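Before anything else, here is the set of structures, which you'll find just below.
Each of the next two complexes has chain A plus one other chain: chain B in the first, chain C in the second.
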Partner chain A sequence: MAERWQSEPWTKDMWWSGKTTRRRFLGLSATAAGALGATMLVPAPWREAFGQAKPYKIGVLQPLTGAAAAGGKTALVGSQLAADRINKSGGINGRPIELVIADYESKPDVGRRKAEKLVVEDKVDVGEGGYLSNVCLACMPVFEEQETVFMIGVCLDTTITTSKCSRYVFRPFDYAPSQAVAFAPYLVKKLGKKWHIVYLDYAWGQSTRDAYVEQIKKQGGDVVGTTGIPLGTADMTAFISKITGSFDGLFAIMFGANAVTFTNQAYDLGLTKKAKYAGDGAVAESTHLTALGQKVEGFTGVNRYIPVLTKPLDTPYHKKFFEESKILLKQMDPSGPDPDRYVQSNFEAMNFLKLGIQKSGFKGRAAGDAEFKKESLKLIEALEGMEVKEGDDFPQGDKTLRREDHQAFLRQFIFDIHNNKHRLLEVIPREKTVVAPACTFPKA
Partner chain B sequence: MSAARARGEGPSAAYWTGFVVVVGALALSPLVLPEFWQRFATEILIWGLLAMSSDILIGYTGMVSFGHSAFFGLGMYGAAAALLMLRPPNLWLALAAGLVAAAVVAVFVAYFSTRLRDIYFSITTLVFSQIFYVIIFTWTEVTGGENGLTFRQPPLALPGLFSIPFTRNGLHWFVLAVVTVSYLLLRRVTQSPFGMVLQSIRENEPRTRAIGYHVERYKIVAVMLSGLFAGLAGALYAVQNKFAAPDFVLFLVSGETVIFNVMGGMGTLVGPVAGAAFFLLMKEVFSRVFYEYYLIPVGIIFTLMVIFLPQGLLGFLRRRLNQ
Partner chain C sequence: MIPFDQIFVQIVNGLVNGMILALVASGLTLIFGIMDIVNFAHGDLFMLGAYIGTTAFLTTGSFWIALVASVVVMAVLGAALQVTALRPLLGRDPLTTILATFGLSLVIQNYALWQYGPVPRKILEPVSGHFRLFYVEYPWYRIVIALMSAAIIGALYLFMKYGKHGIWIRATTQDRVMAAAMGIPVPWVHTVVFAIGAAMAAASGVLFGPTVGINHAMGFDFTLRAFVVVVVGGMGNLGGSILASIFISLLESLATIWVSPAQAVIVSFVALILTLLIRPTGLFVPTPK
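Then we have the complex of A and B:
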């Protein structure tokens, strides 16, 4: 019954009739091979829109496997969203962009190798991405040696734009000293004078702790104690139970699964009921809120991006970014998480590159290998000191990419968790997040 | 092999012809390979030296070490310390500092771990590597913590004679020379009476003890020797890549080193080098085709090799390579 349609007259031309001649077979094979070949030769959708225009190749480094895979995949969404938008709106200087994605397996040695592959073999015009600070630091010399601009998408370590800064590297988002300057007045004046800081005991946690200790004291508050917890500790109760004494607030410098573990265990031991609970925004990223449930209720944090659509983030550009990100994130994670700061900073990093390329007329490798260094320097000069306004390309807000250290300054959002959602409490304008530059670029 | 030695037979002309051909091909490789693969070839040689060093324990003494990441990492940090502290940076002092750091750690690990056998030895070495990892990871003021240390590459220099910065090819040839000399030294060691005792321990430890050898001492020396060459590999890695990171001290590096041995052929010295090359190339190629799923085909191939090629890629040449 099911096969009856095959004997209908209209199916004669499409259904196998049993009369396959050699000529017919060869003809069909040639057609199929031709179609396949044509598909391989014209693989990217931008070819249709841009004809033969040579694309700008952007090498994107992210950890898609290994310990940081989840964050890396989320970060990649931001780069892809920006690339899609740029190509749909006509590319840059009439040329499309093509992302060349490299997975560095969450390892610095692989990261360095992949960075080298991108610039030497794939001949990318610029680099973007990062995520793990140690990998960013390992890759920076490669971009410097190959005279290629690297726009960092996530790496937070302070030294990237201070003691280890590079002329070829830009960080278009905030860092710990800037966040501490923004958040410390609120902590001391509105939450309490005496603080105990709990931090992940490694480079990022330690440098962030130092920044907050300095700023809390500067605001007239006091840090009565600090507790370091090793990264990846599954049972933190031994550390938490040692946090005693009198303090008004507990400040956590944590991220990812460590933040979930700490918040859960500190709540169970009554610590977050005894004192006010605050910390780095990474403690309460939107992706953690389900796992934290009621235990993170009332947490106060600071972040460059929070997924709320209330004033001043109720702009059409932010709504558009939020909705488009959610669609891409849902393809990756069926639960459809809200975008986080990793999506936002990679999205905006790509747009900084777009503006820099437009402003400088950067031709990249299309200018020839001999001219590439000059082209990169043109791009660097265009990016240095660049001021951008809140809009479709920068839904987070206005930004300045400082000339002296290639560090961006942007507004910060102080929020709390209310009914398991972010609630915006205060916006700190970017002028109040500025710290003095501490970078001397190495001589070329 | 021992019978061949007893008969006074040295390595055959075929062996030395093969040796010259392989070293010659490796020396010429940077002249013909594209830029990325030139550097990759140098890196493979360094990982190969690490694998070769662990073969002394795994293949010749029958002790599976999961602590080689500590020797490799400490060699790397030792070299990094010398490169950061000395002005101008000196290649030979960096290598020496790497060797000293690895040797100190090796003495410590060897003293405690060689009292144990089999899985207990493996676990002890793993625990030691993790201890060093945690120290390096958290002692940020000295080691740079998670971010590690970055520094400049030292020039190739002989005091009073010349000082030239490394070119890509120059570094490859330098690393090749170090790896080749290390191979010849380790080969000599494995064929010496000391090496025979190590192989005797691998074959039958109680009997070796019964005929009067102080097995623990031999094991300690074997761990130290192995650790020293692993440290040399770490120092070379630091010189090539200009950074040191705690990730290299993590037990995962030790795990990969064991995989290099299994894939290449234990007890051959060159087999683990071939295993390192095969494994790293496979990962690189598959990661370009299968992206984040590349570990699936890598895992399948590794499993198939363990089932159908248990002696590894060069295991079938074991007798000839040890002649």
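Then we have the complex of A and C:
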């Protein structure tokens, strides 16, 4: 038997069978580097169509590492899907768009630093993304100081478009007061009068808790207790075993891995069998269903987006969005999850930017640094009060981006989990989700 | 009035949580005791062990095979990591090894995110069912976790006490130079200890996995808590870390009767500060005579 496999007869015709000399190694390395370089020099198929046109640079802020990476990566799929579609269909005003992606590591201080880098060093024309509310709140002053429009893709904290609202910031999807107005009648009339609320103890969880407490009471129900759980708590049994007393329903305000942990452990400790289990739709996003299995069965929630293709979501726009997202999501995660609200709202946020840029003729930094503020104001004016219709760009449905606070209003879906899938129970029209504006923009 | 039902529930909770924490912390303290390495990647080994467990579970359908497979794979991986990343740093400034393990932590986290994706995974518990514990339905599986943790720690204790290689490990802990002079292959002892530490992290990851969704960030919380108990128990003192895990978890659980569990964690940090001030060698280390 030959001692070296290279001496075996079957290796004779293999190009790597011989002795690896320095010359051979360098030669192969140069060939590989050349091939790689040539690949990089070939532009994407859509890029050729734009010739020398300067792209719109869109700074996308997402948590791609750290505790919130799962949601951030999913959210990014929405932005990328919209950018691909925009570029394939001729760009905006004859210019392609280029995403400048910044990972803020799930940390507010890093988020602020990355937002500054995007606007000051990378010179992006607009910002998009967000995800964690505390990061959005930390970054908003940066966009305002640098007079750059920030189209939020996910953050749900109420104060973003109320007490801390900014002229430069838009939220093209729902927020807790709207969801609470839409869902509270169902909770109180169909599920139970007395509720215990469990929430993630940070900006979004606290403001959402306040919105539901107010609306449940307004509907004649009562909130008998609330429990805050810090973000990233691995073992929640200490919190769950303290939830005692008599109540009809347990309402959870959770997202991501926290939601999975809570649902698992609340089920294990018998809490979700003792009372009806309901909550924010983020508890039962499509990306969680495999991990939760039968422990989430029967959960009732409200969400702006659910991955079902039954009426009224059986439109060709939604089917197209669903199928195209699935392809990108499969590349992101081998389990190939269905799209969720993070994909949907980032996708639609990009399309709001597209429409705003088209309508205003926004040139961005191409107009020169001195003109940039004027350009941003043109874009803001175009976006304020914008009405959009259900279609390819907005598969979720019609929307209004309110002038007074830059908050969007849209229809909501009440659903439950049946056989480990979403089942649509009721559609709340957007008119029934409207709450009064509570924002005074700071004077420029 | 003293709420006896709550006290009893929280004692059970504290003991169960303490045993899980003890299993994580024992690997961490073993590595520190023998190698003087503060392993910042321990929580990530816990997480990777859980992921490997899900792969084995999906392939075989058996939780117990998944547990064993994960332990074996992570032991081999731990040995490989020690040989390639940590052995070359032996004898250098401790800061170098801290940075190296921190780097390993980032690599493992991002590898898990890339390999398994961001969607949380599920591993089914092998024992379902509940028993009534006053006002809560307590799952039998949490009791199983505590018993399994105790069994694994017990096996480690017996190995260290009576096994030939366990005696080598203890000799290396006491005096590395003398152990080498007596013919003990100290570099290989280090490798085996890191492998045992990684295997124990993997075992705790798989055991704890069914109670949470397995995700790339599941080790964060445990790493911090494990460091607290390792310091309180005495750095490198295996028995001390186990007692400290139970002691801290019981204190925290009992504190939750009167304050929010979020505030109750302060108790463990108070214990940490007091230990560092009054007894820096650890609460459960015998006083030198």
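Simple rule for what comes next: the second predicted complex is superposed on the first by the 397 of 444 C-alpha atoms of A that agree within 3 Å, B and C clash if a C-alpha of one lies under 4 Å from a C-alpha of the other, contacts with A are read in each partner's own complex, and residues count from 1 in each chain.
Here is the rule we go by: a residue touches a chain if its C-beta (ideal position, glycine included) is under 8 Å from a C-beta of that chain, and two chains touch if they have at least 3 such contacts.
Remember, predicted model here, so these are calculated numbers, not experimental data.
Asks: Between chain B and chain C, whom does A:D201 touch in the aligned arrangement: first, second, both, or neither?
Replies: Both partners.
Asks: Mind working out whether A:L231 is in touch with chain B, chain C, both or neither, as first, second, both or neither?
Replies: first
Asks: Going by the contact rule set out at the top, does A:T400 touch chain B (first), chain C (second), both, or neither?
Replies: In the superposition, A:T400 contacts neither chain B nor chain C.
Asks: Return first, second, both or neither, reflecting whether A:T315 touches chain B, chain C, both chains, or no partner chain.
Replies: neither
Asks: Have a look at where A:Q219 lands relative to chain B and chain C in the superposition and call it first, second, both or neither.
Replies: neither
Asks: Under the stated touch criterion, which partner chain does A:T261 make contact with: chain B (first), chain C (second), both, or neither?
Replies: second
Asks: Which partner does A:E121 reach: the first (chain B), the second (chain C), both, or neither?
Replies: first
Asks: Looking at chain A, does chain B or chain C touch a larger number of its residues?
Replies: Of chain B and chain C, the partner in contact with more residues of chain A is C.
Asks: For A:A69, using the defined touch cut-off, is the partner it touches chain B, chain C, both, or neither? Pick first, second, both or neither.
Replies: both
Asks: So which positions on chain A get touched by both chain B and chain C?
Replies: Residues 65, 69, 201, 228, 230, which sit in both footprints.
Asks: How about chain A: which of its residues touch chain C in the complex?
Replies: Spelled out, the residues of chain A in touch with chain C are 65-67, 69-71, 73-74, 201, 228-230, 232-235, 237-239, 241-242, 244, 257, 260-261, 264-265, 268-270, 273-274, 287-288, 290-293, 332-335, 337.
Asks: Which residues of chain B touch chain A in the complex?
Replies: Residue list for chain B touching chain A: 34-36, 39-40, 43, 134, 137-138, 140, 144-148, 150, 237, 241-243, 245-248, 284, 287, 291-292, 294-295.
Asks: Mind listing the chain A positions that touch chain B in their complex?
Replies: Touch list, chain A to chain B: 64-65, 69, 101, 103, 105, 107-109, 112-113, 116-117, 120-121, 133-134, 137-138, 140-141, 157, 159, 164, 201-204, 206, 228, 230-231.
Asks: Can you name the residues of chain C that touch chain A in the complex?
Replies: For chain C paired with chain A, touching residues are 9-10, 13, 17, 20, 109-110, 113, 116-122, 124, 130, 135-139, 141-142, 208, 210-218, 220-222, 252-253, 256, 260-262, 264.
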